[in-house]
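We call the chains A, B and C, going by the order they appear; numbering starts again at 1 in every chain.
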Amino acid sequence: MVPVHIGILTVSDRASQGTYQDRSGPAIRDWLKLALKVPWLEHYRLIPDEQGLIEHALKELCDQQDCCLVVTTGGTGPALRDVTPEATEAVCSKMLPGFGELMRQVSLKSVPTAILSRQTAGVRGRSLIINLPGKPAAIAECLQAVFPAVPYCIDLIQGARLETDADFVKAFRPR
Amino acid sequence: MVPVHIGILTVSDRASQGTYQDRSGPAIRDWLKLALKVPWLEHYRLIPDEQGLIEHALKELCDQQDCCLVVTTGGTGPALRDVTPEATEAVCSKMLPGFGELMRQVSLKSVPTAILSRQTAGVRGRSLIINLPGKPAAIAECLQAVFPAVPYCIDLIQGARLETDADFVKAFRPR
Amino acid sequence: MVPVHIGILTVSDRASQGTYQDRSGPAIRDWLKLALKVPWLEHYRLIPDEQGLIEHALKELCDQQDCCLVVTTGGTGPALRDVTPEATEAVCSKMLPGFGELMRQVSLKSVPTAILSRQTAGVRGRSLIINLPGKPAAIAECLQAVFPAVPYCIDLIQGARLETDADFVKAFRPR
(Lines give C-alpha, C1' and ligand atoms only; values in the text may rest on other atoms or scores of the structure.)
Protein backbone atom coordinates (compact mmCIF):
# COMPACT_ATOMS: atom_id res chain seq x y z
CA MET A 1 0.00 0.00 0.00
CA VAL A 2 1.42 3.34 -1.09
CA PRO A 3 1.94 5.61 1.92
CA VAL A 4 0.08 8.89 2.22
CA HIS A 5 2.29 11.99 2.33
CA ILE A 6 1.67 14.50 5.10
CA GLY A 7 3.53 17.76 5.69
CA ILE A 8 4.30 19.15 9.15
CA LEU A 9 5.53 22.72 9.01
CA THR A 10 6.77 24.44 12.15
CA VAL A 11 7.04 28.20 11.73
CA SER A 12 9.14 29.79 14.45
CA ASP A 13 12.01 32.27 14.44
CA ARG A 14 13.47 30.96 17.67
CA ALA A 15 13.07 27.24 17.08
CA SER A 16 14.56 27.57 13.58
CA GLN A 17 17.58 29.40 15.05
CA GLY A 18 18.03 26.67 17.64
CA THR A 19 17.22 28.99 20.57
CA TYR A 20 14.84 26.32 21.75
CA GLN A 21 13.66 22.96 20.55
CA ASP A 22 10.55 22.61 18.44
CA ARG A 23 7.96 20.85 20.57
CA SER A 24 4.99 21.71 18.35
CA GLY A 25 6.00 19.76 15.25
CA PRO A 26 6.54 16.59 17.34
CA ALA A 27 3.19 17.18 19.07
CA ILE A 28 1.49 17.09 15.66
CA ARG A 29 3.44 13.94 14.71
CA ASP A 30 2.45 12.17 17.94
CA TRP A 31 -1.20 13.06 17.45
CA LEU A 32 -1.24 11.89 13.82
CA LYS A 33 0.41 8.60 14.83
CA LEU A 34 -2.54 7.91 17.10
CA ALA A 35 -5.12 9.16 14.61
CA LEU A 36 -4.16 7.61 11.28
CA LYS A 37 -4.76 3.99 10.32
CA VAL A 38 -3.16 4.23 6.86
CA PRO A 39 0.60 4.05 6.22
CA TRP A 40 1.92 7.62 6.03
CA LEU A 41 5.17 9.41 5.38
CA GLU A 42 6.03 12.59 7.20
CA HIS A 43 7.66 15.61 5.56
CA TYR A 44 8.87 17.84 8.35
CA ARG A 45 10.06 21.43 7.83
CA LEU A 46 11.23 23.98 10.42
CA ILE A 47 11.47 27.56 9.17
CA PRO A 48 11.50 31.14 10.50
CA ASP A 49 8.50 33.52 10.40
CA GLU A 50 9.18 34.81 6.88
CA GLN A 51 6.18 34.92 4.56
CA GLY A 52 8.23 34.09 1.47
CA LEU A 53 9.79 31.05 3.12
CA ILE A 54 6.46 29.83 4.44
CA GLU A 55 4.84 30.14 1.01
CA HIS A 56 7.77 28.34 -0.55
CA ALA A 57 7.59 25.48 1.97
CA LEU A 58 3.82 25.14 1.55
CA LYS A 59 4.13 24.99 -2.23
CA GLU A 60 6.95 22.46 -2.06
CA LEU A 61 5.03 20.20 0.33
CA CYS A 62 1.84 20.39 -1.74
CA ASP A 63 3.24 20.37 -5.27
CA GLN A 64 6.55 18.46 -5.08
CA GLN A 65 5.98 16.11 -2.13
CA ASP A 66 2.34 15.55 -3.05
CA CYS A 67 1.13 15.95 0.53
CA CYS A 68 -2.65 15.61 0.74
CA LEU A 69 -2.48 17.35 4.12
CA VAL A 70 -0.09 20.02 5.38
CA VAL A 71 -0.39 21.05 9.00
CA THR A 72 1.39 24.21 10.16
CA THR A 73 2.10 25.38 13.69
CA GLY A 74 3.10 28.87 14.81
CA GLY A 75 2.83 32.38 13.44
CA THR A 76 -0.94 32.85 13.70
CA GLY A 77 -1.07 35.61 16.35
CA PRO A 78 -1.38 39.40 15.98
CA ALA A 79 2.37 40.17 16.28
CA LEU A 80 4.33 41.75 13.45
CA ARG A 81 6.28 38.55 12.72
CA ASP A 82 3.15 36.37 12.67
CA VAL A 83 2.46 35.77 8.98
CA THR A 84 1.46 32.12 8.62
CA PRO A 85 -2.19 32.85 7.72
CA GLU A 86 -1.06 35.43 5.15
CA ALA A 87 1.24 32.84 3.54
CA THR A 88 -1.50 30.21 3.64
CA GLU A 89 -4.00 32.50 1.97
CA ALA A 90 -1.43 33.48 -0.67
CA VAL A 91 -0.91 29.88 -1.83
CA CYS A 92 -4.49 28.60 -1.55
CA SER A 93 -7.21 28.82 -4.20
CA LYS A 94 -10.03 28.37 -1.66
CA MET A 95 -10.19 29.31 2.02
CA LEU A 96 -12.26 27.30 4.49
CA PRO A 97 -13.26 29.72 7.26
CA GLY A 98 -15.10 27.04 9.22
CA PHE A 99 -11.81 25.53 10.40
CA GLY A 100 -10.60 28.74 12.07
CA GLU A 101 -14.02 29.43 13.55
CA LEU A 102 -14.25 25.99 15.15
CA MET A 103 -10.64 25.97 16.40
CA ARG A 104 -11.05 29.39 18.03
CA GLN A 105 -14.32 28.28 19.57
CA VAL A 106 -12.72 25.18 21.04
CA SER A 107 -9.63 27.03 22.31
CA LEU A 108 -11.87 29.71 23.82
CA LYS A 109 -13.02 27.15 26.38
CA SER A 110 -9.43 27.01 27.67
CA VAL A 111 -8.15 30.58 27.18
CA PRO A 112 -9.90 33.90 26.43
CA THR A 113 -6.94 34.88 24.23
CA ALA A 114 -8.08 32.30 21.66
CA ILE A 115 -9.77 35.15 19.78
CA LEU A 116 -6.30 36.54 18.96
CA SER A 117 -5.54 33.56 16.74
CA ARG A 118 -5.94 34.14 13.02
CA GLN A 119 -5.53 30.45 12.16
CA THR A 120 -7.32 29.30 9.04
CA ALA A 121 -7.36 26.50 6.47
CA GLY A 122 -7.44 26.34 2.72
CA VAL A 123 -7.13 24.21 -0.37
CA ARG A 124 -4.23 24.19 -2.80
CA GLY A 125 -4.79 21.77 -5.69
CA ARG A 126 -5.28 18.35 -4.07
CA SER A 127 -3.87 19.47 -0.71
CA LEU A 128 -5.56 20.71 2.42
CA ILE A 129 -3.51 23.17 4.51
CA ILE A 130 -4.49 23.71 8.15
CA ASN A 131 -2.94 26.27 10.50
CA LEU A 132 -2.69 25.11 14.11
CA PRO A 133 -1.74 27.18 17.16
CA GLY A 134 1.86 27.24 18.39
CA LYS A 135 1.30 25.75 21.84
CA PRO A 136 1.49 21.91 21.99
CA ALA A 137 -1.53 21.66 24.34
CA ALA A 138 -3.69 23.68 21.97
CA ILE A 139 -2.56 21.59 18.99
CA ALA A 140 -4.18 18.35 20.16
CA GLU A 141 -7.34 20.20 21.14
CA CYS A 142 -7.68 21.76 17.68
CA LEU A 143 -6.81 18.61 15.73
CA GLN A 144 -9.35 16.64 17.75
CA ALA A 145 -12.03 19.20 16.82
CA VAL A 146 -11.45 19.52 13.08
CA PHE A 147 -10.03 16.14 12.08
CA PRO A 148 -13.39 14.33 11.75
CA ALA A 149 -13.96 16.51 8.65
CA VAL A 150 -10.45 16.17 7.19
CA PRO A 151 -10.64 12.80 5.34
CA TYR A 152 -13.87 13.76 3.54
CA CYS A 153 -12.43 17.16 2.66
CA ILE A 154 -9.43 15.46 1.08
CA ASP A 155 -11.81 13.09 -0.79
CA LEU A 156 -13.60 16.12 -2.23
CA ILE A 157 -10.38 17.66 -3.54
CA GLN A 158 -9.32 14.26 -4.93
CA GLY A 159 -6.38 13.74 -2.60
CA ALA A 160 -5.35 10.45 -1.00
CA ARG A 161 -7.81 8.42 1.05
CA LEU A 162 -7.28 8.81 4.79
CA GLU A 163 -8.58 6.34 7.36
CA THR A 164 -8.57 7.08 11.06
CA ASP A 165 -8.64 5.02 14.23
CA ALA A 166 -12.31 5.58 15.10
CA ASP A 167 -11.64 5.01 18.80
CA PHE A 168 -9.30 8.00 18.79
CA VAL A 169 -10.94 10.30 16.23
CA LYS A 170 -13.89 9.33 14.05
CA ALA A 171 -13.71 10.42 10.40
CA PHE A 172 -17.11 11.36 9.02
CA ARG A 173 -18.08 10.78 5.40
CA PRO A 174 -21.68 11.79 4.50
CA ARG A 175 -23.89 9.10 2.93
CA MET B 1 -50.86 44.08 -2.59
CA VAL B 2 -47.78 43.93 -4.83
CA PRO B 3 -46.02 40.59 -4.46
CA VAL B 4 -42.46 40.41 -3.16
CA HIS B 5 -39.94 38.92 -5.59
CA ILE B 6 -37.68 36.16 -4.32
CA GLY B 7 -34.99 34.32 -6.25
CA ILE B 8 -34.18 30.64 -5.81
CA LEU B 9 -30.96 29.67 -7.52
CA THR B 10 -29.90 26.03 -7.66
CA VAL B 11 -26.26 25.61 -8.65
CA SER B 12 -25.47 22.07 -9.72
CA ASP B 13 -23.67 20.57 -12.71
CA ARG B 14 -25.61 17.32 -12.53
CA ALA B 15 -29.08 18.69 -11.85
CA SER B 16 -28.69 21.28 -14.62
CA GLN B 17 -27.71 18.49 -17.05
CA GLY B 18 -30.75 16.49 -16.02
CA THR B 19 -28.64 13.67 -14.47
CA TYR B 20 -30.85 13.98 -11.44
CA GLN B 21 -33.75 16.11 -10.33
CA ASP B 22 -33.17 19.24 -8.30
CA ARG B 23 -34.56 18.57 -4.84
CA SER B 24 -32.85 21.54 -3.15
CA GLY B 25 -34.62 24.34 -4.99
CA PRO B 26 -38.04 22.81 -4.18
CA ALA B 27 -36.94 22.38 -0.53
CA ILE B 28 -36.29 26.13 -0.35
CA ARG B 29 -39.67 26.87 -2.00
CA ASP B 30 -41.52 24.60 0.44
CA TRP B 31 -39.81 26.23 3.41
CA LEU B 32 -40.55 29.76 2.19
CA LYS B 33 -44.21 28.84 1.59
CA LEU B 34 -44.50 27.98 5.28
CA ALA B 35 -42.47 30.98 6.43
CA LEU B 36 -43.81 33.95 4.47
CA LYS B 37 -47.08 35.71 5.17
CA VAL B 38 -46.80 38.23 2.32
CA PRO B 39 -47.72 37.45 -1.31
CA TRP B 40 -44.52 36.51 -3.13
CA LEU B 41 -43.40 35.57 -6.60
CA GLU B 42 -40.70 32.99 -7.15
CA HIS B 43 -37.94 33.34 -9.73
CA TYR B 44 -36.33 29.94 -10.05
CA ARG B 45 -33.06 29.30 -11.89
CA LEU B 46 -31.11 26.05 -12.29
CA ILE B 47 -27.55 26.43 -13.59
CA PRO B 48 -24.22 24.55 -13.62
CA ASP B 49 -21.27 25.32 -11.31
CA GLU B 50 -19.78 28.03 -13.51
CA GLN B 51 -18.75 31.23 -11.74
CA GLY B 52 -19.66 33.44 -14.69
CA LEU B 53 -23.14 31.91 -14.99
CA ILE B 54 -23.75 32.17 -11.25
CA GLU B 55 -22.72 35.83 -11.20
CA HIS B 56 -24.93 36.51 -14.19
CA ALA B 57 -27.94 34.80 -12.59
CA LEU B 58 -27.43 36.64 -9.29
CA LYS B 59 -27.20 40.00 -11.06
CA GLU B 60 -30.28 39.28 -13.15
CA LEU B 61 -32.34 38.21 -10.13
CA CYS B 62 -31.25 41.25 -8.08
CA ASP B 63 -31.18 43.96 -10.75
CA GLN B 64 -33.74 42.91 -13.38
CA GLN B 65 -36.22 40.85 -11.33
CA ASP B 66 -35.90 43.13 -8.32
CA CYS B 67 -35.66 40.23 -5.88
CA CYS B 68 -35.21 41.50 -2.31
CA LEU B 69 -33.92 38.05 -1.40
CA VAL B 70 -31.98 35.53 -3.46
CA VAL B 71 -31.31 32.16 -1.91
CA THR B 72 -28.76 29.86 -3.54
CA THR B 73 -28.16 26.17 -2.97
CA GLY B 74 -25.09 24.14 -3.95
CA GLY B 75 -21.48 24.84 -4.80
CA THR B 76 -20.25 25.91 -1.36
CA GLY B 77 -17.84 23.06 -0.61
CA PRO B 78 -14.05 22.77 -1.07
CA ALA B 79 -14.15 20.98 -4.45
CA LEU B 80 -12.74 22.54 -7.59
CA ARG B 81 -16.17 23.08 -9.16
CA ASP B 82 -17.62 24.68 -6.00
CA VAL B 83 -17.63 28.42 -6.75
CA THR B 84 -20.93 29.78 -5.44
CA PRO B 85 -19.33 31.80 -2.59
CA GLU B 86 -16.80 33.27 -5.03
CA ALA B 87 -19.61 34.35 -7.36
CA THR B 88 -21.59 35.75 -4.44
CA GLU B 89 -18.64 37.78 -3.19
CA ALA B 90 -17.96 39.06 -6.71
CA VAL B 91 -21.43 40.57 -7.10
CA CYS B 92 -21.95 41.88 -3.55
CA SER B 93 -20.86 45.25 -2.17
CA LYS B 94 -20.97 44.07 1.45
CA MET B 95 -20.43 40.62 2.92
CA LEU B 96 -22.23 39.49 6.08
CA PRO B 97 -19.96 36.88 7.71
CA GLY B 98 -22.39 36.28 10.57
CA PHE B 99 -24.69 34.26 8.30
CA GLY B 100 -22.01 31.71 7.38
CA GLU B 101 -20.77 31.49 10.96
CA LEU B 102 -24.24 30.75 12.32
CA MET B 103 -25.17 28.30 9.56
CA ARG B 104 -21.93 26.34 10.04
CA GLN B 105 -22.49 26.33 13.79
CA VAL B 106 -26.00 24.97 13.41
CA SER B 107 -25.00 22.33 10.82
CA LEU B 108 -22.09 21.31 13.04
CA LYS B 109 -24.60 19.86 15.49
CA SER B 110 -25.65 17.37 12.77
CA VAL B 111 -22.41 16.71 10.87
CA PRO B 112 -18.73 17.41 11.64
CA THR B 113 -18.16 18.14 7.95
CA ALA B 114 -20.15 21.38 8.34
CA ILE B 115 -16.81 23.19 8.68
CA LEU B 116 -16.11 22.41 5.02
CA SER B 117 -18.93 24.69 3.90
CA ARG B 118 -17.87 28.11 2.71
CA GLN B 119 -21.43 29.44 2.55
CA THR B 120 -21.83 33.15 3.11
CA ALA B 121 -24.25 36.02 2.56
CA GLY B 122 -23.99 39.51 1.17
CA VAL B 123 -25.77 42.59 -0.02
CA ARG B 124 -26.15 43.74 -3.62
CA GLY B 125 -28.07 47.00 -3.86
CA ARG B 126 -31.45 46.35 -2.26
CA SER B 127 -31.05 42.57 -2.38
CA LEU B 128 -29.82 40.11 0.20
CA ILE B 129 -28.10 37.01 -1.20
CA ILE B 130 -27.76 33.95 1.05
CA ASN B 131 -25.87 30.76 0.19
CA LEU B 132 -27.44 27.60 1.58
CA PRO B 133 -25.98 24.09 1.61
CA GLY B 134 -26.81 21.64 -1.16
CA LYS B 135 -28.53 18.98 0.96
CA PRO B 136 -32.31 19.46 1.43
CA ALA B 137 -32.18 18.49 5.13
CA ALA B 138 -29.48 21.08 5.85
CA ILE B 139 -31.42 23.76 3.94
CA ALA B 140 -34.36 23.87 6.37
CA GLU B 141 -31.99 23.83 9.34
CA CYS B 142 -30.01 26.80 8.03
CA LEU B 143 -33.05 28.84 6.95
CA GLN B 144 -34.64 28.30 10.35
CA ALA B 145 -31.49 29.66 12.02
CA VAL B 146 -30.89 32.79 9.96
CA PHE B 147 -34.36 33.79 8.79
CA PRO B 148 -35.37 35.68 11.97
CA ALA B 149 -32.79 38.30 10.93
CA VAL B 150 -33.71 38.40 7.23
CA PRO B 151 -36.73 40.77 7.18
CA TYR B 152 -34.93 43.43 9.25
CA CYS B 153 -31.83 43.09 7.07
CA ILE B 154 -33.94 43.73 3.98
CA ASP B 155 -35.53 46.74 5.75
CA LEU B 156 -32.05 48.16 6.34
CA ILE B 157 -31.10 47.89 2.67
CA GLN B 158 -34.48 49.38 1.68
CA GLY B 159 -35.85 46.27 0.04
CA ALA B 160 -39.44 45.04 0.24
CA ARG B 161 -41.12 44.46 3.59
CA LEU B 162 -41.27 40.79 4.53
CA GLU B 163 -43.67 39.38 7.11
CA THR B 164 -43.36 35.86 8.44
CA ASP B 165 -45.70 33.39 10.08
CA ALA B 166 -44.48 33.85 13.67
CA ASP B 167 -45.56 30.32 14.62
CA PHE B 168 -43.17 28.93 12.04
CA VAL B 169 -40.30 31.44 12.15
CA LYS B 170 -40.39 34.68 14.09
CA ALA B 171 -38.95 37.74 12.33
CA PHE B 172 -37.17 40.09 14.72
CA ARG B 173 -37.11 43.84 14.24
CA PRO B 174 -35.28 45.80 16.98
CA ARG B 175 -37.19 48.62 18.76
CA MET C 1 3.08 57.09 35.60
CA VAL C 2 2.52 58.03 31.96
CA PRO C 3 -1.15 57.64 31.04
CA VAL C 4 -2.23 55.18 28.36
CA HIS C 5 -3.93 56.74 25.34
CA ILE C 6 -7.24 55.26 24.23
CA GLY C 7 -9.39 56.37 21.30
CA ILE C 8 -13.18 56.34 21.31
CA LEU C 9 -14.63 56.90 17.87
CA THR C 10 -18.36 57.30 17.41
CA VAL C 11 -19.43 56.93 13.79
CA SER C 12 -22.94 58.27 13.20
CA ASP C 13 -24.44 60.60 10.62
CA ARG C 14 -27.18 61.77 12.93
CA ALA C 15 -25.19 62.14 16.14
CA SER C 16 -22.46 64.05 14.28
CA GLN C 17 -25.11 66.43 12.85
CA GLY C 18 -26.54 66.98 16.33
CA THR C 19 -29.87 65.31 15.46
CA TYR C 20 -29.45 63.31 18.61
CA GLN C 21 -26.89 62.97 21.35
CA ASP C 22 -24.20 60.33 21.15
CA ARG C 23 -24.92 57.82 23.90
CA SER C 24 -22.60 55.10 22.55
CA GLY C 25 -19.29 56.93 23.01
CA PRO C 26 -20.14 57.72 26.65
CA ALA C 27 -21.20 54.07 27.18
CA ILE C 28 -17.71 52.98 26.08
CA ARG C 29 -16.11 55.59 28.36
CA ASP C 30 -18.18 54.45 31.36
CA TRP C 31 -17.29 50.84 30.76
CA LEU C 32 -13.56 51.56 30.39
CA LYS C 33 -13.61 53.62 33.60
CA LEU C 34 -14.80 50.54 35.47
CA ALA C 35 -12.45 48.18 33.63
CA LEU C 36 -9.06 49.92 33.61
CA LYS C 37 -6.73 50.16 36.59
CA VAL C 38 -4.03 52.19 34.82
CA PRO C 39 -4.21 55.96 34.31
CA TRP C 40 -5.58 56.62 30.84
CA LEU C 41 -6.34 59.54 28.59
CA GLU C 42 -9.37 59.53 26.32
CA HIS C 43 -9.33 60.79 22.74
CA TYR C 44 -12.94 61.13 21.67
CA ARG C 45 -14.05 61.72 18.09
CA LEU C 46 -17.58 61.96 16.66
CA ILE C 47 -17.83 61.75 12.87
CA PRO C 48 -20.35 60.89 10.14
CA ASP C 49 -20.49 57.58 8.26
CA GLU C 50 -17.94 58.52 5.62
CA GLN C 51 -15.25 55.95 4.91
CA GLY C 52 -12.57 58.58 4.23
CA LEU C 53 -13.29 60.40 7.49
CA ILE C 54 -13.31 57.16 9.49
CA GLU C 55 -9.99 56.06 8.01
CA HIS C 56 -8.53 59.49 8.72
CA ALA C 57 -9.73 59.45 12.34
CA LEU C 58 -8.42 55.92 12.90
CA LYS C 59 -5.00 56.82 11.49
CA GLU C 60 -4.82 60.00 13.56
CA LEU C 61 -5.76 58.20 16.77
CA CYS C 62 -3.26 55.38 16.13
CA ASP C 63 -0.35 57.28 14.59
CA GLN C 64 -0.54 60.81 16.04
CA GLN C 65 -2.22 60.24 19.41
CA ASP C 66 -0.40 56.96 19.97
CA CYS C 67 -3.55 55.17 21.16
CA CYS C 68 -2.80 51.52 21.97
CA LEU C 69 -6.53 50.86 21.70
CA VAL C 70 -9.16 52.49 19.51
CA VAL C 71 -12.76 51.46 20.03
CA THR C 72 -15.35 52.41 17.43
CA THR C 73 -19.12 52.36 17.68
CA GLY C 74 -21.62 52.49 14.84
CA GLY C 75 -21.62 51.80 11.13
CA THR C 76 -21.23 48.02 11.21
CA GLY C 77 -24.61 46.99 9.76
CA PRO C 78 -25.63 46.04 6.21
CA ALA C 79 -26.98 49.49 5.22
CA LEU C 80 -25.42 51.55 2.44
CA ARG C 81 -23.99 54.14 4.85
CA ASP C 82 -22.46 51.50 7.17
CA VAL C 83 -18.77 51.50 6.31
CA THR C 84 -16.88 51.26 9.61
CA PRO C 85 -15.58 47.71 8.98
CA GLU C 86 -14.43 48.74 5.49
CA ALA C 87 -12.51 51.70 6.94
CA THR C 88 -11.04 49.51 9.68
CA GLU C 89 -9.85 46.92 7.20
CA ALA C 90 -8.37 49.63 4.98
CA VAL C 91 -6.10 50.98 7.75
CA CYS C 92 -5.12 47.69 9.43
CA SER C 93 -2.23 45.42 8.47
CA LYS C 94 -3.76 42.38 10.20
CA MET C 95 -7.39 41.47 10.81
CA LEU C 96 -8.43 39.46 13.86
CA PRO C 97 -11.64 37.62 12.86
CA GLY C 98 -12.02 36.02 16.31
CA PHE C 99 -13.24 39.32 17.78
CA GLY C 100 -16.17 39.65 15.39
CA GLU C 101 -17.05 35.97 15.71
CA LEU C 102 -17.18 36.14 19.51
CA MET C 103 -19.08 39.44 19.63
CA ARG C 104 -21.71 38.17 17.19
CA GLN C 105 -22.02 34.95 19.18
CA VAL C 106 -22.54 36.87 22.42
CA SER C 107 -25.03 39.32 20.89
CA LEU C 108 -26.89 36.42 19.30
CA LYS C 109 -28.03 35.38 22.78
CA SER C 110 -29.91 38.71 23.01
CA VAL C 111 -31.05 39.36 19.43
CA PRO C 112 -31.23 37.16 16.29
CA THR C 113 -30.24 40.19 14.21
CA ALA C 114 -26.71 39.97 15.66
CA ILE C 115 -25.71 38.09 12.50
CA LEU C 116 -26.21 41.32 10.54
CA SER C 117 -23.28 42.96 12.28
CA ARG C 118 -20.05 43.04 10.33
CA GLN C 119 -17.99 44.25 13.29
CA THR C 120 -14.36 43.19 13.30
CA ALA C 121 -10.99 44.06 14.85
CA GLY C 122 -7.51 44.60 13.51
CA VAL C 123 -4.00 45.76 14.18
CA ARG C 124 -2.42 48.97 12.91
CA GLY C 125 1.20 49.30 14.04
CA ARG C 126 1.10 49.21 17.83
CA SER C 127 -2.63 49.85 18.01
CA LEU C 128 -5.58 47.51 18.31
CA ILE C 129 -8.81 48.72 16.67
CA ILE C 130 -12.10 47.12 17.72
CA ASN C 131 -15.50 47.79 16.17
CA LEU C 132 -18.38 47.69 18.62
CA PRO C 133 -22.11 47.76 17.84
CA GLY C 134 -23.99 51.05 17.90
CA LYS C 135 -26.45 50.25 20.68
CA PRO C 136 -25.23 51.12 24.21
CA ALA C 137 -26.60 47.88 25.72
CA ALA C 138 -24.75 45.76 23.16
CA ILE C 139 -21.53 47.71 23.75
CA ALA C 140 -21.05 46.56 27.35
CA GLU C 141 -21.94 42.99 26.40
CA CYS C 142 -19.32 42.90 23.64
CA LEU C 143 -16.57 44.63 25.64
CA GLN C 144 -17.13 42.21 28.52
CA ALA C 145 -16.68 39.28 26.12
CA VAL C 146 -13.53 40.36 24.28
CA PHE C 147 -11.68 42.52 26.80
CA PRO C 148 -10.00 39.64 28.69
CA ALA C 149 -7.87 39.16 25.55
CA VAL C 150 -7.18 42.85 24.88
CA PRO C 151 -4.23 43.58 27.24
CA TYR C 152 -2.27 40.54 26.01
CA CYS C 153 -3.02 41.44 22.40
CA ILE C 154 -1.60 44.92 22.98
CA ASP C 155 1.47 43.34 24.67
CA LEU C 156 2.03 41.26 21.53
CA ILE C 157 1.97 44.30 19.25
CA GLN C 158 4.25 46.18 21.68
CA GLY C 159 1.71 48.76 22.76
CA ALA C 160 1.26 50.13 26.28
CA ARG C 161 0.67 47.80 29.22
CA LEU C 162 -2.97 47.65 30.29
CA GLU C 163 -4.11 46.46 33.71
CA THR C 164 -7.74 45.76 34.49
CA ASP C 165 -9.82 45.58 37.63
CA ALA C 166 -10.04 41.80 37.88
CA ASP C 167 -13.32 41.97 39.79
CA PHE C 168 -14.91 43.70 36.80
CA VAL C 169 -13.09 42.07 33.87
CA LYS C 170 -10.13 39.74 34.22
CA ALA C 171 -7.27 40.27 31.77
CA PHE C 172 -5.63 37.00 30.73
CA ARG C 173 -1.93 36.73 29.91
CA PRO C 174 -0.72 33.20 29.06
CA ARG C 175 2.21 31.87 31.20
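As a working rule, a residue touches a chain if its C-beta (ideal position, glycine included) is under 8 Å from a C-beta of that chain, and two chains touch if they have at least 3 such contacts.
It should be emphasised that the depicted structure is a prediction, and the values quoted were computed from it without experimental measurement.
Seen as a C-alpha superposition, chain A sits on chain B after a turn of 120°, to the nearest 5. Under half of the residue numbers at the chain A-chain C interface are used by both copies of the sequence.
As a whole-number value, the distance joining the C-alpha centres of chain A and chain C reads 31 Å. Counting partner chains per residue, chain C has residues 97, 101 touching two or more of them. Residue ranges on chain C touching chain B, taken from their complex, read 77-80, 82, 97, 100-101, 104-105, 108, 111-118, 135.
The part of chain A that touches chain B in the complex is made up of residues 94-99, 101-102, 123, 128, 146, 148-149, 152-153, 156-157, 172-174.
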